[in-house]
Amino acid sequence: MAWDRNQMAERAAQELQDGWYVNLGIGIPTLVANYVGDKDITLQSENGMLGMGPFPFEGEEDPDLINAGKQTITELSRTAYFDSATSFGMIRGGKIAAAILGAMEVAENGDLANWMIPGKLVKGMGGAMDLVAGVGKVIVIMDHANKKGESKLLKECTLPLTGKGVVDRIITNLGVFDVVEGGLKLVEMADGVTRAEIDSLTEATLVN
Amino acid sequence: MGKIYNSAAEALDGLLFDGMLIAAGGFGLCGIPENLISAIKDAGTKDLTVASNNAGVDNFGLGVLLQTRQVKKMISSYVGENDEFMRQYLSGELELEFNPQGTLAERMRSAGCGIPGFYTKTGVGTVIAEGKEVKKFNGQDYILEEGIIADLSIVKAWKADDTGNLVFRKTARNFNPPAAMCGKVCVVEVEEIVPRGSIDPDHIHLPGIYVHRIIQGEHEKRIEQRTVRQREEA
Amino acid sequence: MGKIYNSAAEALDGLLFDGMLIAAGGFGLCGIPENLISAIKDAGTKDLTVASNNAGVDNFGLGVLLQTRQVKKMISSYVGENDEFMRQYLSGELELEFNPQGTLAERMRSAGCGIPGFYTKTGVGTVIAEGKEVKKFNGQDYILEEGIIADLSIVKAWKADDTGNLVFRKTARNFNPPAAMCGKVCVVEVEEIVPRGSIDPDHIHLPGIYVHRIIQGEHEKRIEQRTVRQREEA
Amino acid sequence: MAWDRNQMAERAAQELQDGWYVNLGIGIPTLVANYVGDKDITLQSENGMLGMGPFPFEGEEDPDLINAGKQTITELSRTAYFDSATSFGMIRGGKIAAAILGAMEVAENGDLANWMIPGKLVKGMGGAMDLVAGVGKVIVIMDHANKKGESKLLKECTLPLTGKGVVDRIITNLGVFDVVEGGLKLVEMADGVTRAEIDSLTEATLVN
C-alpha cells in the first residue's frame, strides 16, 4: 500500500518546522498546507505575498488576490504584499526556509528536472529555478515512477534541468529519500511497501 | 502640461514604433494593463519584443497581441495557459527567451536602477546559463544576467495621484513596479486618479518619478483560476 | 516562541561576538537603533566592523561605540559631524572603507537578495574603483561591487506587528530596509508593537520574514540640524 | 561686479525645466530652490524623499523628516518616501534630470573633485559619486577662484575625483561655462565681469 497524494502531503508537512517561511509548488505540494497543524508556518506566494490564506468562500473571490498558480486565495492577519523583485530577492537571499515542489525527474546527485519536455511540453520554469537555487531546503514530492512504470529517481536526469545538485529530500508514494554522498538514502518506507518494491522501481543508486 | 491623458490611445501617442521593446507588468491576468494592451493592438505596432512574466490567455491580456501577430519575441518565465502562444512558439513563428521569474524581475529592476549586470545562482548548470559569464563568489558559481531596458513600460496600478505617485492593490502589484522602473518611458493605467496629497506619502508604492503618463480606465480584471472553498453548514 | 523580546540586551543575547560585522540602519541621527547601540556598548563586544552610512555624532548613535573603541572598522559614505571619528581615522586607530552612499545601500540590498555582485558606474575613474574589476556594457565602463553580508543587522522602525512586519515613518526609513535584508540575523527596535492584522498588508514596508527579534523601546530621536523658517506676521 | 551666492543660485535655477526631478547639493545649491518660480520642479533628497518642502516653522520640526544635509524639512502634497536603495536606484538609473552640486575643483574635461582633501578634510563622498554618475545633467555652482585667488577651473584636478568627465555646466561668480570638446566654453558672463578677468582667473583652457 503506497501513500496516496494526501498521505504524501501529510508526510511532507512533517518536514516543516515552527516559525518557517515556506513556498509550496503547484499540485500535490499545495496540499501540504492542510497538514501543518499547530505549527506556525507562513506560506509565501512568489507573485508577491507572505501569509497566503485558503481559497475564498464563493462570491468572495478577488481578482487582485491570487497565488502563483493563478488561483484565487485569501489573506491572513500576518499577510504582507510586495513586488516580484522583492519577492525573488527573499527567495534568492535564502530567507525562505524550504520549498516543496513537484518534479518530473530527480537524479541521485540532487539534480532536478521539472520545467520542460523538449518538443512536447514547454510551459516554462516560472519561479522554480530561483526557488531551488535560493531556499534553505528543497523537498520534492512526486510519484516514484511514471505512468509507464519507469523510475523517476534516476542516475542522471534526461530532461533539461531546473537546478543542479539542489534537491535535499524526496518524498514519493513509496517512501522518503535523502540525497547523500554517492546516491539516495532510503529514510523511510510507506506503510506496507517493501524494500524489494523500492529497489525494483528505483534506477538511482540507493546507499545505506 | 501634466501627466494625465484622456485615453490609452492618447497616452501612447508618439511612443510606439515597430520593433520596439515593451516591458509589461502583471502576473497571469492579475494586474495587467488591459487598456494599454488594447490600444497597442489598435495601433497595429509590429515586431514587438515584449518582456512580461506571462503572455495572458488566448483572447485576453498580451494574448491578443499574439493573435494579431504583433509580437516577434517574448521574454517570459511561463507560457502555460496560452495555446496560441505554445503553437506559435513550437512552430517557430514566435521567438521565446525563457527567463527564470526572479531573474526577469531583477533584470527589470536592475536596469531601472542603473545596474547593467548582476550575478545570480539561479540557473547555474542549466540551459539558462549557456553562453553566460560565470564567476565564483565564495567558491560558488554565479552567472551574469544583464538589465532589460525597455523603450516603453506599460503598467497597471490601483490609484495614482496627478504627479504619478502609485498605489497597487494586493497581489496585483507583482511585476508592475520593476516593469515601470526599466522603461525609458512609462505609461500607467489606474482604476482611480486621486488628488495629490490624498495618498499618505508613506503608503506610496512607486513614486511618480517613474511615471510619465497616466490614464484612468475601466478594467475587466478577469479571473484565470476561480478556486473557492465551501462554507461549513451552520 | 515568538519574535518579541523584553529588552535590547535580551534581544541581542547570543548574537554578539568579537570581530563580527554589524549592519546598522539610519541616516545621520534619523532612524537609528538607539537602544540596540546602547546594548552593544553595554555588552562590550569588540573589534566590530560596522556598515552604516554615518557613524552618529560624538556622544550619540554609533558615535558611542567609537568612544568606547569597540569599532575596528567602519564602512560608511560620510563621516562629517563626528570629531572623534575623524580623529581616530586620521591617527590610524580606526579603519575606514569609504563607500559611495548608493553603492553602500545597494551592497546591502544585493546581499540580502542573493546577489553577490553587481556592476555600477558610480566611482568609475576614482579611488573607489581601485582594485575592482571593470567591465564594459554598451561601451561604457562599470565596476563590480560585492554584497555585504552582516552577521547581525540592527534596525529601527516605527511600528511592528508580532510577526515582524514593519512600517517606517517618513525619512527615518532610509538605510533600515536594506540593512535588515543583509543580516544573517536581524534585530529591530520599534516605537510601538501592534497586533497582527492592524497594519494594512499593502502598507507594510518590510515583511516579517526579514525580522528575527523585536523590541519596543523609548527613543530620544535627537535632531542633528534644527533648521526652521519664520512665520510671516499676520 | 561678480554674482553673489544668491545670484549664482538664481542663474542656476534657469537651468531647470518644467517637470524635472532635481537633486540639490548642500550649500549654495540649496538656495536654488528659492528661484524656481512657477516651474514644476520636484526636489529629491537622496536619504529617501521626493517632493522636499521648505524648513518647518519653529516648533514643528520632526526628527523623522530631514534632508540629506540632516536639516529638518517639511513634506508637500506630492511627497513620496522610500528607502536608500530605491533612492539611489533612481539616481543611478537616470531618473533624476539634474543635480546641482558644489565643488572644490573642476577640470576642463569635466572631472569633478568635491569630497576630500587628503590629510586634511575627510568627510566622505556621501551620495555625490552616485549623483554625478547617474543623473541626466551635472551642474556645478562654485566660486571661480579659491580664497588665495587660485582658479578652481583647472586643466586637471589635483584632488581625488568624485567623478571622471561628469560635469556638464559650471556656474561661478564670474559666469557660466560648458564642458565641451577641448576645454571649457564661456556661455555667459556675470554683469560687469570682463573677459580679461575671466581669462586671468581661469587655468582651464577656454575654447570658443
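Order of writing sets the chain letters: A, B, C and D. Residues in each chain are counted from 1.
Here is the rule we go by: a residue touches a chain if its C-beta (ideal position, glycine included) is under 8 Å from a C-beta of that chain, and two chains touch if they have at least 3 such contacts.
Computed from a predicted model, the values in this text were never measured in an experiment.
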| request: Tell me which chains count as touching both chain B and chain D. | output: C
| request: For chain C and chain D, let me know how many angstrom lie between their CA-based centres, rounded off. | output: 27
| query | Taking each chain's centre as its mean C-alpha position, how far apart are chain B and chain C in Å? | reply | 32
| If you average the CA atoms of chain A and of chain C, how many Å lie between those two points? | 36
| request: Would you please write down the residue numbers of chain D that are in contact with two or more other chains? | output: 75, 81-82, 88-89, 91-92, 133-134
| query | Considering chain B alone, which of its residues make contact with at least two other chains? | reply | 106, 109, 113-115, 120-121, 168-170, 173, 201-202, 205
| request: Kindly provide every pair of chains that touch. | output: A-B, A-C, B-C, B-D, C-D
| Of all residues in chain C, which touch chain B in the complex? | 106, 110, 113-121, 135, 137-138, 142, 146, 167-170, 173, 201-203, 205
| Where on chain C does chain A make contact in their complex? | 1, 109, 111-115, 161, 163, 165, 181, 196-197, 201-202, 204, 207-210
| message | Using the touch definition from the top, list the residues of chain A that touch chain B in their complex. | response | 45-49, 54-58, 60-73, 75, 81-85, 87-89, 91-92, 111, 119, 122-130, 133-134, 160-165
| request: Quick one: which bits of chain B touch chain A in the complex? Just the residue numbers, please. | output: 27-31, 53, 76-81, 86, 89-90, 98, 100-103, 105-106, 108-109, 120-128, 158, 168-178, 205, 221-231
| task | Would you tell me which residues of chain D are touching chain B in their complex? | result | 18-19, 21, 42, 44, 50-51, 75, 77-82, 88-96, 133-134
